[in-house]
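Here's a structure for you.
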Amino acid sequence: MNDPALVIKSVMMPALVESLYMTFWGTVFSCILGFGLAVILVVTAEDGLSPHKWVYRLLNVLVNTLRSFPFIILAVTIIPITRAVMGTSIGTNAALFPLVIVACPFVARVFEGNLKAVTPGMIEAAKAFGASNMQIIFKIMLKEAIPAMCISVTLVVISILGSSSMAGALGAGGLGNVALIYGYQSFNDLIMYGTVFILVVLVQTIQSIGNLLYNKLK
Amino acid sequence: MNDPALVIKSVMMPALVESLYMTFWGTVFSCILGFGLAVILVVTAEDGLSPHKWVYRLLNVLVNTLRSFPFIILAVTIIPITRAVMGTSIGTNAALFPLVIVACPFVARVFEGNLKAVTPGMIEAAKAFGASNMQIIFKIMLKEAIPAMCISVTLVVISILGSSSMAGALGAGGLGNVALIYGYQSFNDLIMYGTVFILVVLVQTIQSIGNLLYNKLK
Amino acid sequence: GSDSKENKEEAKGEEKKTIRLAAGDPMKEELINAIKGDFEKKGYKLEVSVIEDPIASNNAIEEGSLEANFIQHNAYMTSYNEEHKGDLVAVGDAIYYPCMGVYSNKVKDMKDLTEGMEIGIPRDPTNRSRALRFLEAEGLLKLKEGVEEYSQLEIEENKLNLKLTEVDSESIPTILDDLDAGVCYPIAMKEAGFDPESALAFDPPEIGKEYGILIAVSEKNKDAQWAKDLQEAMSEEKANEIIMEYFGESAVHVSEY
Amino acid sequence: MIKIKNLDKSFGELHVLKNVSLEVQKGEIFGLIGKSGEGKSTLLRCINLLEKRDGGTITLNGQAADFKRSREVREYRKGIGMIFQHFSLLERQNVYKNIAAPMECWGYSKQEIDEKVRELVKIVGIEDKLYEKPRNLSGGQRQRVAIARALSMDPQVLLSDEATSALDPQTTQSILQLLRDINERLGITILLVTHEMEVIRSICHRVAIMEHGEVADCGKVSEIFLNQPGSLKRLLGETAEVLPEEGVNIRMVFKETEENRSLIPDITCATSVRFSVIYSRLEKFRDEVICTTMLNVQEEDLAKVTAYLDTLNIRWEVALHE
Amino acid sequence: MIKIKNLDKSFGELHVLKNVSLEVQKGEIFGLIGKSGEGKSTLLRCINLLEKRDGGTITLNGQAADFKRSREVREYRKGIGMIFQHFSLLERQNVYKNIAAPMECWGYSKQEIDEKVRELVKIVGIEDKLYEKPRNLSGGQRQRVAIARALSMDPQVLLSDEATSALDPQTTQSILQLLRDINERLGITILLVTHEMEVIRSICHRVAIMEHGEVADCGKVSEIFLNQPGSLKRLLGETAEVLPEEGVNIRMVFKETEENRSLIPDITCATSVRFSVIYSRLEKFRDEVICTTMLNVQEEDLAKVTAYLDTLNIRWEVALHE
């Protein structure tokens, strides 16, 4: 455990790959689901395109409920579902499922905020030329909100990278897990700070990409 | 352990109090600090009020670095600082410190997004009547961004409530910790879901307050 | 273990060739890795992973994602089986029996613990229970009788009004300066750079014997050849050496109860 | 074409539209004028259902605008182009995309869109800004994007809320000419809100004046300007006329005919009175020419002049100094 | 007061302001006109330093606007009120707060602010909207909030970018009267961009016409309108004049004097020619009155009439039919 080369090769590298894997797919799925939720929330809200009190309330409660669960408890609670969907309850793929479930209400909330920030005038203009609600959402609100959503996605990616460290408890490796188990719990500062350093570089990269995109798109 | 009344009285209630305490002060401090960071980020950004490449980059890296740390590792890493600031490294107050340190870059990012979303026209108008940068930030941007920031604070409160469950590792109780240790790990579904239920109610309440404020202010 | 011809055939035939085994932490992983070569020579392929959460780990055995794990002791496995309607069994005796110690940077002897001092104990239920029993054995507490797993709620008498602070067992060495004393495993002290032998006290074998770490498998595999081979490999000299190297002589209770 | 009956609309306490009834004929250019805040924009927004009315009916082409299904509302709106007072452009999208947006929504082919967009930007004179984002445009350029967008779908009806308010006179004229052209060529019906009388005069057939949320007067443009109802006077306020203090000012408003074409010299010849012409203008109201003349005569000559005017059947009045 | 010398400004490839030089006197109302997109707004934005100029100097009261410290920039801007073309109101704050914002920034007392705000809303006529948010205001009401805000600090200089473009004629007049009043009472210098010639005529002392990012012509308003330089004609485009096809149209532009007050009857008396008056107007340019008259005479009478005009020293030209 104290041979840095070995540690890097057999612990850190696979963990990096796993982290990237989980973060990537976690982001993809939670953004898709979260965006869907956000759209429904925005559309059915009182001042939305097609207000629908009960749908809104129900979703609102659902989102809040999911956000209330500590990660590991949620993960265990939904194990039957995870198993049904992913075939197993441990490992990277299995951890992906609760990761997405935990992230998507968060994504929903931030996207909701972004969509709500679109100037009402533009939505009106779109209504006036006969755009359907779907078109207003995808062609107007989404396009207008995209720079802000870039920042949000950056936030989400980093959050998922963060939560993926908790997924280690479920046998999904990942850098956070390595930092925790091989570093922190094993009192191995080299691994701990080494891993954290990789995390910093990763986060920095993600953030830079996010900022770049924001500046391109805004 | 199996006497619900006793559990509620001597485990859940104190945990609820601790959770509220940590969440409240965590939110207050991290919002203050995070807002400060966000302001500096927005002001010193390339298209900001007073661009300052190096300050911006430095802060950006700092924020990203703090966001990269898994909570517990950050908490352990900064124990010497925690000790210097709070006098001890264990207990609710000590946990508050890393909680804030972890939350404030997150707060900084979401507030940064909110502030950036303020229409440039208004900032120009303020410049034109001779407002100072501070005034532009506090009297114009802040006021214009407040509804969006309401949603953000809601996000932050719930995030802090979430991370506070990890603070249990350093002897800070809280509901999340109870759900994990007394519920999940002790195979006590009553406590586990009972606590989660309280969490759901809490989150629901926080979210409702946030939405209410948003609708009032927008 | 002598590798008989019969064993090999079984391993190839009806038994699974690939054995998926989850360790509870890196130390256990290392232990398994140490015997991996020997075990695989018997015709298996051993896949080792680390799963920290014992419930997730046990669930994985139940669902068939794992064949075995190396994470828990018997008491825990029993309560797991009860609560989750599991059918896990130990393949054989526990592999090793780590003991707990009371460590302190402030006092030099158990007797120096005085009124109102703050003691850190692990927060996870199993280790917390063990720590409480340890403190009872040291005469500091009196616990209710007939409880399987103790929490602070079952303390009947706290003679010195000790403040028991529940924290992550891994963080005790780090925060020892803020405590008057802490109850934790010597392994943690060792890895944190302290002398594991410097404990004020170790918990008595009669408590320790309940906390031996065992290899758990699903009931149906109880008598499988691979399980026996694994148990055997783990109990071998080589494993023992590593254990001793890790814990130090006095930090492990003798391996036979 | 558009028939509005007893339209009512309040914002909370504020009763903005009170029992408004209006009828716009097919192919007509109808002007809507009124003081700021009298509810003109609100009326337009009610017509294309962006604002819910509290009462009354709106009928387009004989079909009542009461729809249950959103598809119907969309179809209804498809036929109505709207130029918003605040332009309401899509800020993140360039001029091209802004103009193309309605067509994209209605599933036009790429090529159709491209042709139409290029045609429109040329017409409104912003072809060099095709790929700029709105924030890089001047006020007038933004407005022209809004105009182009509203025309992109070849609507039957165009609702225009101060479409030329940010434009210089020359551009205004070319836009008006454009509106007039499409009105004549395609028979498009235009309901336009403006505060520039020039616009009303040069392209509207009829005009309605709104006052306190009601239609105070409504009629042919030339008649309204001929009759100068109180609402119009109040709207125009004191004009920049220079009324001399001495003498009497006589205002005449009349349709130009063969006989009265040389009215002023004729007055002089007939009466030998020496007067001064304060103003005199021939204004073209689309189809007819109205002459407005203000003379300043000496008190003692008044009778002579007016007697002559009466023989010609020309309406006159004495304008008071304010 | 404001002295702009060789101002240069480009947006990327686009050279918007080319070597612009202008001088606005203290207490003057200076008009700036030009086609849409010619750089008028950009010029104003350069003056109050919202836009960085690429070259040239701007001097206010003899002091060059080149500041190192932000405090100086702020002080400089404090003295300059600006009405933006897009109003740029604070959307989350009500009318009161919007108008009070500059005063709050400069630390006025609550009472001072309150008095001033109430005075201003009354002046611009939106006292009933004091606690409304901008989104609930009509276009003209929003504009008036912007005007009130720009006036709240009693600036020495007011930069106004189409301040009355969304206002009906009557409100426009009252706003112009207000500007004129404060200009006369407080000696405030006003630089205003507009496309309404009415506005230029009624309150400006001097006017500059921008063309292709340059100042094409600049001078006293009455002179510019008298001389009708090419830039002005191009800006105004074809006017709504109805020029008869037959006969010859003679245009005269002259300052009104005692002698020529009854010009038209005098022509008739002197020449006995029967002509028709296409238009004739006396326009008040703040301080003087200019008479513009267009007569239509028969070909054979042309010489007689022009000979008479020459004796009176009145400039005339034959207007061509377009």
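Chains here go by letter, A, B, C, D and E, matching the order in which they are written, and residues are numbered from 1 within each.
Basically, a residue touches a chain if its C-beta (ideal position, glycine included) is under 8 Å from a C-beta of that chain, and two chains touch if they have at least 3 such contacts.
None of the values given here were measured: they were computed from a predicted structure.
Any chain touching subunit B that also touches subunit C appears here: A. If you take subunit A and subunit B together, the chains in touch with both are C. Taking the mean Cα position of each chain as its centre, C sits at the greatest distance from subunit E.
Here the spacing of subunit C and subunit D, counted between their Cα centres, is 88 Å.
Mean C-alpha position of subunit A lies 56 Å from that of subunit E. A separation of 23 Å divides the Cα centre of subunit D from that of subunit E.
Rounded to whole angstrom units, the spacing between the C-alpha centres of subunit A and subunit D is 53.
Under the contact definition stated at the top, the residues of subunit B that touch 2 or more other chains are 72, 76, 184.
In subunit E, the residues touching two or more other chains are 86. The multi-chain contact residues of subunit C, meaning those touching 2 or more other chains, are 55. A list of each chain pair in contact follows: A-B, A-C, A-D, B-C, B-E, D-E. The touching residues of subunit C, counted against subunit B in their complex, run 55, 79-80, 82-84, 120, 123-126, 128, 147, 149, 151, 153-154, 165-168, 171, 174-175, 177-179.
Residue ranges on subunit A touching subunit C, taken from their complex, read 1, 72, 75-76, 79, 83, 88-91, 94, 168-171, 173, 177, 181-182, 184-188. By the touch criterion stated above, subunit C contacts subunit A in their complex at residues 22, 25-27, 30, 49-53, 55-57, 59-60, 63, 65-66, 170, 173, 188, 191-193. Listed in rising order, the residues of subunit E touching subunit D in the complex are 11, 33-37, 40-42, 85-86, 136-141, 143-144, 161-162, 165-174, 195-198, 201-202, 234-238, 240-242, 261-269, 272-284, 289, 293. Per the touch definition, subunit A reaches subunit B in the complex via residues 46, 60-61, 64-65, 67-73, 76, 106, 109-110, 112-113, 116-117, 148, 151-152, 154-155, 158, 161-162, 165, 176, 179-180, 183-184, 192, 196, 199-200, 202-204, 207, 215.
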